[in-house]
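Chain naming follows the written order as A, B, C, D and E, and within any one chain the residues start at number 1.
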Amino acid sequence: MTEHENAALRWIPLLPLIAAALSGVWLVFARRELPRAAVIALACGAPIASFAISVVQVVKLSTQLPEEARYYVDNLYTWISAGDFHAELAFLLDPLSAVMVLVVTGVGSLIHVYAVGYMDDDPREDRGFQRFFAYLNLFTFSMLMLILGDNLLVMFVGWEGVGVCSYLLIGFWYLDGANAAAGMKAFVVNRIGDFGFLLGIFLLFWSFAQAGVPTVEFREMAANIGLLANNTVELPAWLSFLLGYPNAPLLTLACLCLFVGACGKSAQIPLYVWLPDAMAGPTPVSALIHAATMVTAGVYMVCRMSFAYSLAPGAQAAVAWTGALTAFFAATIGLAQTDIKKVLAYSTVSQLGYMFLAAGVAAYSSAIFHVMTHAFFKALLFLGAGSVILGMHHEQDITKMGGLRRRMPVTWLTFLIGVIAIAGVPPFSGFFSKDEILLAANQAHAIPGHHTLWLIGMATAFLTAFYMFRLYFLVFTGASRASHHTQEHIHESGNWVLVPLVVLALFSVIGGFFGLPDAYGELFGVERSNSLHHFLQPVVNSAEHEIDHATEFGLAAVTTTVGLAGIALATLLYYWREDLVPGIVSAIGPLHALVRDKYRIDELYDLLIVRPLGAVSRGLLARGIDQGLIDGVGVNGTANLVRATADGALKYLQTGLAQSYLLAMVIGGALLVAWLVRGV
Amino acid sequence: MIPQLDVAAVAPMIPVALGVLCLPLLEVALLRTPVLLGQRVSAARRGTYLATASVLFLSVSLLLTLNAFSQPPRVFNPENPMVRMDGVALFLMSIVLIGAMLSVLASSKYLEHIHSNWGEFYTLVLSSVTGMMFLVAASDLIMLFLALELMSIPVYALAGFRRASLRSNESAVKYFLIGSFASGILLYGSSLLYGATGSLELDEIATSFDPENALDLVGAGLVLIGLAFKISSVPFHQWAPDTYEGAPTTISAFMATAVKVAAFGALLRVVSVAFAPVSESVYGVLWVLAALSMTVGNVMALIQRNLKRMLAYSSISHAGYLLIGVIAGGADGTQAVLVYLLAYTFMTVGAFTVISVLTRDGEEHDRVDDFAGLSQTRPGLAAVMSICMFSLLGMPGTAGFIGKFLVFSAAVQSGLATGSSSLIWLVVIAVLNSAISLGYYLRVPATMYFHPPRENPQPAGNATFFEGLVLASCAAAVLLLGLLPQDALPGVSSLLQMADVNVLQLASDAAASFAP
Amino acid sequence: MGDISGYHFQIVAALIFSIGALGVLLRRNMIVMFMSIELMLNAANLSLVAFSREIGNDQGQILAFLVMVVAAVEVAVGLAIIISLVRNRDTVNIEDTSALKW
Amino acid sequence: MGELFDTLLSERLLSVITFLPLATVLALALCEGMFRLPESVWKYTALASSLVGLALTLVLWQRFDSASSGMQLVEFAAWIPAYGIHYSLGIDGIALLLVALTSFLLPVVLLASWTDIHERVRSYLFFMLALQTGMLGAFLSLNLFLFYVFWELMLIPMYFIIGIWGGPRRIYAALKFFIYTMVGSLLMLVGIIVLAWLHQTQFGAPSFEYYGTNGGTGILDLSIPNAGGAWWQRQGFLFGVFALAFAIKVPMFPFHTWLPDAHVEAPTPGSAVLAGVLLKLGTFGFVRYALPLFPEAALDWAPWIVGLAVTGVVYGALVAWVQSDLKKLVAYSSVSHMGFIVLGLFALDSQGVSGAVLQMVNHGVSTGALFILVGMIYERRHVRDLAAFGGLAKVMPVFATFFAIATLSSIGLPGLNGFVGEFLILLGAFSSLPWATVIATSGVILSAVYMLWAMRAVFFGPLANPANQVLVDLGLRERVVAVALVIPMFWIGVHPSTFTNPLDRAVTELLETMSRRGADLASWQNGGKRVVGLVASTGTETTR
Amino acid sequence: MRTALFWIFSLAAVASALGVVGNLRSPINSALSLVVSMLALAGLYVLLEAQFVGLIQVMVYAGAIVVLFLFVIMLLNLRGSGASGAESQPIVKALGALVVVAATLWLARTLSSGRAPWPDVEQGFGTTRAIGEALYTDYVLSVQVAGVLLLAGIVAAVVLAKKKID
């Protein structure tokens, strides 16, 4: 028993699992739902307990272990083993997972609590309330597996597990076919990512095996990554012809494969399409899974594998560029959306892009920092949106809202805080994390075109501020555009809903100070104020850039200005001069339509991939090859041919006339004798 | 000069021949019972008595045959053997006797149903059996021809035994004309062989056979044609479907089994004794015949609607499989042929008997469609039929498989010994043909089990004791031979105080006793 | 015997045999076909006897004798078969008996 | 009596397990002949017998020694000694798993079909248990002849099960199933016979014994040339005929078309056993016979077989996706999944082969479960068309839950059984066949597509069809069945070493045997690494 | 003398054989031709020193068999050749005939090549006594079989041809 072993870790994921299992088994075998109080206790108790354990363990971790060897491991048993491949079922708590665990269990617990209020009035005959929380707990379990996994395999368990829970929860209201379709879409797109992830695992494992360390364990891989630094993969002729070079660096390839997985999970180009659709799920789900936790798994994975990415500049560049482009691209779509949750969804995609940008430029701690702050404010925003939706009786179209400020004051205030935070207004949390990312991008000399990246980031920051405030104004200010009937029933939500909002709002405000850049810290005389960065650094090995404080503050100022400019524009168009909007929209008509329709990427995918594949499968494979060629020609064809030989030809030799039989005998006999005497 | 004749050598034939003499007398006696006993014996009872009597004669013969196994091969006349009672002959005789017994037992009720319940039937069967027994033991062409005719002529008559039925007439006429024609060819071939080699004895033919002389070869060829006709090998097979279909069902069974077994015995003997000097050429001919028989038989059987006709084609194809064993030659090939024939007899008689049991009031229910839903109306019959069909198609666990296995095995062994691939090709052809054969064999159980019974179902009622006996023993034999070929004869061997005897052993010993 | 030797008889036998065969093949009257078959048997007999003379052993003659017995029986049975056919259907044309086919 | 019992259980355990089902039904049939038994007696006796079989299998499992090598619990009795044909049984880790699968599935299937089959129940039970004996025998026999007998005997009960209790095209399907399978195996018979006689030329007596467990030599001791000699004595031909038989059984593309028909037409228990166990015999045949006997030819043929396997993975998935019949969809998914297994086998490294064998069990459980579940809904609605359903999760939530679990297991969700096998297969295959693995891995995506498509069509969406609105959820018996099926899914998924431990030794031995018999496995295993450059890539050597 | 007899008998035999086959008018004519053929053959047998066979040929064939044919023809009261309608499959039949003719020609050629001259035969060869002795010693089994055959033949003929049984 070394100091690093810690059997408490297993309970962090297991508690939600147990809760989920209890609920689930009850659902299967019992005739009726558990008492609602029991459901609530079980469902909320588990994540809260996990959170408590996490806090205790993280405190122990950071206090009892030296900075350079801060990790706890909880090894249960060997999960999969064959030949020289071994994967333990083991959990790892190190600073990186510590931060994530706290975020997931913390924010998760809040959302569980919120969900009690949100799902309260869901009228279901099939015991939906309990089922919902079973799924939610299962999700928490999976997410914790993902985070705490000690090796790629356990991470993959969580990785897929969250995908399934997401699938189940998106399609929670399955009676609407669209919801089920959205869930399926999410899962399938995630699977495309998992395809890459799996290949990445294979590539890494075999490379390490070849180098003599067959492992998929993070720490072991990190320790031995040097062995692979110079490995290259020989590409097949066609690929090397396309790419222009004969072989690719192994780590780059492996990291790219893994990144494909991250793209799927974290909704990056080109696999982002599922996330907006995923808003079909209940709002707490959107908040928990599709904003605060699951979608950041990709970022977490990249940070977790930072030891490999740091040695794979090509992969890093790909990550950074994908992130930046996604951030910008999604932000533009966000400009024209009218569904309150869709706006938030695209903003999530966009913010995830920021995180990848950070990870790509090796600012891993900044990425995690943004993961954390984003979890606070985006969860807040979603929950706020949920509150609005509840208040509006499940109306989600912001063009039918307006003026909710007075009717829902708490929601209004907390939502506003969230909006300010995401827009990057100091000193709200979003400001610090975003600023750090942009700074890192600006300084990432190793990445080709890092200045362009920075510019894109700035542009996105502007757009973000704009569309978030557009959302805010459309929902909360001005006159209500809702129907009379709805208007009469608008009401503030209950305490189950509001308490989490308030807590999250608080963190959205102060969250930034966990990672207050050292430069700011010095202003207040605090040494190493970027505690998060220093906490994480031993694990993630972020790039350090030496820049003077003036530049740092200057860049911050630019960022802030850009954000404020966005706010100003939004205020102009959606608060002061709403009459201008239709004119502008019609002026850029086709472009607006294109953006509103999300650039019709879904349709494009449908046209290019889904339909052709379906047509080929149905027409060519199922009908042509299966029924036509193999069965028709090959199997039945042979059978029919044999039968036809008899029916069409041989049969007519059997004429029924004795003399024709004799004739056959004579001719056959003559041939027989002729053959016998052939040699004489 | 009176030669030393060993009458005991032909002891197995004597009871049957005696039966030929006695049965007409017995029948007359039965017909005259009103005079003798003052009570009339009904036609049905008479049939039963006669059948019982026939079976008695046959079984005495069988016992004598089995008994002869334990003795060294005997000949009737050392100077001029005529018959050679070696293991192969005895084994084949046993099969013939068994086949005949089963056919006779199945017949007594059936004859009534086709309104042809005449006692001559049994006389004819027994005389044919006499011929067969001599045929399989014949060691010269004189006895071979004579026995062949003694075997065939009664069967010609039996094919037409259902006098009132045009189909039966036609069947007999065709069989008779074509058969006589084939006998003529065989006879002429014998004559040419005689001329070429100076003898009609098989051993001596072999000694002075000149493979370079056309006359010898023509003679051999013509004899082969004659025998190929009897085993219904393509292209000398075309009579068989017509005859089997038209003949009374139990006679079809008799023809398909006993006649074929005896003919194969003659073929085996002629080919491996007389034609040994030209075995390569002869095997070449038989190779083609085998391939053709299997293929044509199976392909044609596929399109048959009439079960008897289908079984006829199936018997043609089985002749093809059997020829592989003949070609493989040697002790293993012979053993394979012997066991195959035994297996084939049980499964074929079983199948035909099922058809005959379903006959009522002169109407044969012999189309495959007539069997629809039989599993529900007559489950026992359906089960026996299925067992026979699965055995015919060579399903492991049945006798048919053991036969096929031994044949293939002999072929492979011979291929390995000679290093030639031609036998393997033949085996491959056989295997592909077995695949084709599934198409029609499986249709029968499918019809019986998967189709609902027809609106006018098969005749109800139970099989008679005799029929039940036949069915049960066929099914049991098929399964026993298939599962425990090694232990298939323990009862009989203990009866005969033979140690450690089983079918395979017996066949193998028999094959070994065969003249080289 | 001069210029006549075994092969002359053999050729006569061959000729009769093939005439018989042709008769079986070509004639449609069953009775005539049957007679042709008898011709074939006779030809074979001639051949046997001729060979017997040539070889100088009596086996051929024995067989020839037995063939006659067989022929007699065959004729009796064959004609009976034909009679029973004709009773059912007034024809001796072989082509009229072709109900069984395929 | 007690002594007999002890002997049976200690020395004849394998025989007892194998023949218990057949003995049960034969005894029942005998009693039936004497005094007519009520159907329920048949049912309960059959179920009890299969449960006893399961219990005995657990005894077997416990008695099995994972650490010792070779065949265990060997039984031997002379059968046809002149030909070297014996009754010899034995078990290794691979067979153990498959025997366990069979023994597990049978009671479940019987219970699942408790009310489903209501015509000719006696015959049905007869055939089911006879089938079980056939399957177990094929897994356990150590004599090629015996193996062949069992292998073929399985066809008969299945033929009747499909043909009697099947759907509208049952006769076509039954015939197709039978003929297709037998065509392949007949050629294998030729191969088997050639081997036995080769044994004679090399060791003096013909033998069908595979390992020569009874002291003598066996087929596996033959040296079979890969070149030279007559074509039919070479490894290439012999492997070919074995592989064809097994490929049809698996079934591999393009020999798979019997499967959809058989599955769709077969009654639920038939489909479940067919998919659950019968298909495994094909892959089992590869592992047990084709690979170790003809290792060089196996390597020569491997690229083609892998090509077909991978094609099957993608092809099966794509075709499954466009099916409108739920059973057909699952059937094609089998084609896809079995492709994975073959890929894993031909990876020829310990991960791939272990994964493949484990995946056999997984597929048996998952697909068996899917068929049983489909059967439950079919029993209620008598349709299987996807379009006829929708929204069933509302009326049948429990059913939906189990179906979802089975689906997730089938698409390889980590934590459930499918993943472990699939992962090991792909991991193993990646080293030797990287590109094939990349293509096969896309099956991971496709399986999600078609299975979730089915889920969505059946369970989600509006509950529009009035016929569906009145459906009742699973009853107690059905829940027990479903739970029984779900337990191994979780067990294998969470703690696969229970199942891989007995396997390790057997897989190692397989690979050792192949190497010993002349296959250059190392170069095959590295073949793929060479393609992706993993082998010669450390440092300087790469530059070429 | 022998040569002349040979030619006479053989020409008669072949010609009457042709008469059997070629006579399309009435089967009675065919039967009569058959008698001629049988008698001619008997002559040839005598030429071949097979007096016994020749004798039996006359008795059995000419005396019994052909008479039986004639009886049956009369009994059935057959008119004409029995052929009704056109020849079926004329081409195929022609082909068959061609094969037979070709085979015969080839066979004749084969038979006529390289035969040794006839040996002298011992006294009594082919006489009734010689054959009889052989038949009842060495070949007694065949005689027995022939006996069974005759009995079977009688039974068969009776059962098939009798007008009414019982």
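We take it that a residue touches a chain if its C-beta (ideal position, glycine included) is under 8 Å from a C-beta of that chain, and two chains touch if they have at least 3 such contacts.
This structure is a prediction, so every number in the text was calculated from the model and none was measured.
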When the contacting C-beta pairs are counted for A-E and for A-D, which pair yields the higher total?
-> A-D
How big is the gap, in whole Å, between where the Cα atoms of chain B centre and where those of chain E centre?
-> 31
CA centroid of chain A to CA centroid of chain C, Å | 96
Express in whole angstrom the distance between the two chain centres, defined as the mean CA positions of chain B and chain D.
-> 43
CA centroids of chain B and chain C: separation to the nearest Å works out as 26
Counting only residues that touch at least 2 other chains, which ones in chain A make the list?
-> 639, 651, 654-660, 662-663, 666-667, 673
Sites on chain E at which at least two other chains make contact | 88, 93, 96, 100, 103, 107, 111, 139, 142, 146, 149, 152-153, 156-160
Scan chain C for residues touching two or more other chains and write them down.
-> 6, 10, 17, 20-21, 24-26, 28, 30, 34, 50, 52, 54-55, 62, 66, 70, 73-74, 77, 80-82, 84, 94-95, 97-102
Can you list every touching chain pair?
-> A-B, A-C, A-D, A-E, B-C, B-D, B-E, C-E
Inside the complex, what are the residues of chain B that reach chain A?
-> 173-174, 177-178, 181-182, 185, 212-214, 217-218, 220-222, 224-225, 229, 234-236, 238-239, 241-242, 278, 281-282, 284-285, 288-289, 296, 299-300, 302-303, 436, 439
Quick one: in the complex, what on chain E touches chain A?
-> 88-89, 92-93, 95-96, 99-100, 102-103
Which residues of chain C touch chain B in the complex?
-> 6, 10, 13, 17, 20-21, 24, 30, 33-34, 37, 40-41, 43-44, 47-48, 50-52, 54-55, 57, 59-60, 62-63, 66-67, 70, 73-74, 77-78, 80-82, 84-85, 87-89, 94, 97-102
Chain E-touching residues of chain B, taken from the complex the two chains share | 1-3, 5, 10, 17, 20-21, 24, 31, 43, 76-77, 79-80, 82-83, 118, 120-121, 123-124, 127-128, 130-131, 134, 142-143, 146-147, 149-150, 153-154, 156-157, 160-161, 163, 214-215, 218
Contact set on chain E toward chain C in their complex = 2-3, 6, 10, 13-14, 17-18, 20-21, 23, 27, 30-31, 34, 37-38, 41, 44-45, 48-50, 52-53, 56-57, 60-61, 64-65, 68-69, 72-73, 75-76, 78, 81-85, 87-88, 93, 96-97, 100-101, 103-104, 107-108, 111-112, 115-122, 125-126, 130-131, 134-135, 139, 142, 146, 149-150, 152-154, 156-161
